[in-house]
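Structure record follows, encoded as structure tokens.
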């Protein structure tokens, strides 16, 4: 039992530093199971209701996989077109009914605030898997967890981190949530690089300054690449007034291996919330970076499984029982 | 082994009173598992084919959850747009093939008679999860099971029950099936309240009278609310010739807490097949009833899991083995 | 551990005769589990990523069932409309991410070559479940496995087999792949029966001749029905210039019980990749053949489960451990 047991996970603002460190410590303890070195059945018989009223393959499968890796079962619902919600049922009613069918719920929905409203009717813990422009707390936690792990290789900590955030900082939900979480730590140096039209909102800037962090706002990539972590975001063409503007933007904020070699310090870790669009010629994160060992984007998604396993274990109160229900793994795996 | 073992569940007309009582007795025995007081793995290794050619989130998830709670696995198919059925495959062929992939099948399909036709080709038991306007036997059984349990609180039985059915009694599949099942019991008093255009069909009225039950047909809610059970149905706007007519109807047959307090006897239990539409101002079942302890609508959906667990256990012949495959539940649950 | 362990299954051209015989031998050993005589949990804790970017109910459910029957879990993705792929993500990125969520992947995708491209990014073995007009190796293997088993009843072997292939031999992916596999065996006699416009492609004819097999090409059904196996294919109306042409075709290549009795040798086994279209009057394979014991079409789909179980066991290196994780089956089954 912990402060998490039986509770919802709806927003990054629920977390203080102790809570984050508890999640990360449990997430670390999940690695042998995620790497198939061992099997645990601690959640044998438990059912996850995986409710994705808005599609998101990777978040949905990541939640489901995390639950399976703890020994539980997954009942899934995708789309909303034919659901009772579409026939005018309230989120409260849907929550009352569906929470009768499971032990815990992961939910994504296009409307801001919908997951919290659903949680009020739910009789089991609800994990927010993204509610529109509002919140996506498990993404923010896995981003921060990745930063912690990447820094560890270099004997650094989140306290004292220098992070550069690049691209669309205005509409990018992930950089907002990550910034909020970083405000719980000490002496973080932010370099925010974006076109002026896509600058970080003022309320986030204020929060960063209120936390006593150092802050540099610029629209130039060059000369600003001495960060420990470089968090690149998605280029969204439709944000720009014209194709010319979009092209200019892509020219300025694009990363590839040659730019990395010329401008970055040798250990700068590159992160991105994915997916990245590979249809254009000049991508925000070119494929030639795939061989760069500091490209952490796939470690991010792998870490997502650990963080979600930790949140399931904590909300269902089994975080200290996991290793008591261990078995060996007997099939072939190259994850271990 | 029982009369259920290896057999299909296609229609309420398969059930006599003994069969119903057997289902309900097994359903009662499922409660410790549904409430997560204990875990059973009696169906470990069995596979449910959950075939929803027509969408119905709650029925689909309820079947899947019930099977998981007995230790089985669920393979799911939703929609029909791209299926072999859409390419002209016969229900017989689909059934022959898909029944090779599972131990039991739950199926919903928009066409009346389709599930029975499918069952003829199936090599495993088929449970009808709703075939258009025709049948939805598990809904009828869970409704009757809920009535039995609600009456028990007041030391009453289905024999001697007074039930009021309200609303669209003409097109409402659930009230037809429930009425048929009630004809297997004794001394039931029916009060049927609907606009004349939406009155209960004659063949159901005849069945009620043939069973020796008492029957009152009216279009007035007021003065008719001394029933043990009040079964409200969905308001379907499109049934009415005009918006004015629909509004008049809603004014007359609407239930809310103030109407309940003024007109009902203090223990009248309110049921509804769900979903209820919460978009309109004057709902058939207002949200202010949510705090009324006699509102049984969410107990209905919870009971659905018990009834479906019972039907799975009976058709697969394990109803007496369930407790032999018990384990403790170790995760946090507020269901118990 | 075997040559299969940790490797992808992308094409029939990967298989030599030894490999095929190993797959078939393991598939035979799976029968007690598929028939529910015993249960195995050898893959307890393993996760199949079942990625069907193109719909195919039976192939998808067959893979999922096969994995469940070995004790594993299944996380499923269907459709592509809202996926990251649709937003321009590369198959490489999708593969890197999704392979982090599972131990093995079965994948179907409409584009030829897509599954092999995906496999390059995947960190776990990928089984090709069909990539457009290109390959569907598990279908070819289950077809050949069915031929082997059907011949066994008559004390015959694939070496020395006489097979007739009928219908659309030009576009039918299954007859191409099956022909390639048969080139690994000895003294096979091919009778290829099709309208000239839908004749088998030259490169397959060359392969058959290069293998030293005997070959007869004809557009007449009559007089050519003394084969051990008759592999009928789907009539696809849209291949024909006019309705008249299509009708002529259907008249000529149709099979039903009366044609079977008049023209076939008494033990000729009828196969078909399914689905067959039952909407037309004159079907390529009439329903009146359903009672013919030599109609093997539903044994084909049943055998598909055995072959897929074998491929999972082999790629995950547990083919010799299956029986060590046995339990009795306690529920009712008429499969055994």
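Order of writing sets the labels: A, B and C. Residues in every chain begin at 1.
Throughout what follows, a residue touches a chain if its C-beta (ideal position, glycine included) is under 8 Å from a C-beta of that chain, and two chains touch if they have at least 3 such contacts.
These numbers come from a predicted model, not from an experiment.
Participant: Work through the pairs of chains, note which ones touch, and then classify the graph as line, ring, star, complete or other.
Facilitator: Topology of touching chains reads as complete, every chain touching all others.
Participant: Quick one: compare the interface residues of subunit A with those of subunit B and tell me same or different, with half as the dividing line.
Facilitator: different
Participant: Nearest 5 degrees is plenty: how much rotation brings the CA atoms of subunit B onto those of subunit C?
Facilitator: Answer in degrees: 120, to the nearest 5.
Participant: How many angstrom between the C-alpha centroids of subunit B and subunit A?
Facilitator: Roughly 40 Å, centre to centre.
Participant: Do you know which subunit C residues sit against two or more other chains?
Facilitator: 73, 76, in rising order.
Participant: Where on subunit A is subunit B touching in the complex?
Facilitator: 1, 5-6, 42-47, 49, 73, 75-77, 82-84, 87-90, 92-94, 96-98, 100-103, 123-124, 315-318, 321
Participant: With touch defined as at the start, can you tell me which subunit B residues reach subunit A in the complex?
Facilitator: 36, 39, 41, 55, 57-58, 61-62, 64-65, 68-69, 71, 73-74, 76, 274-280, 287, 290, 298, 301-302, 305, 327, 329-335
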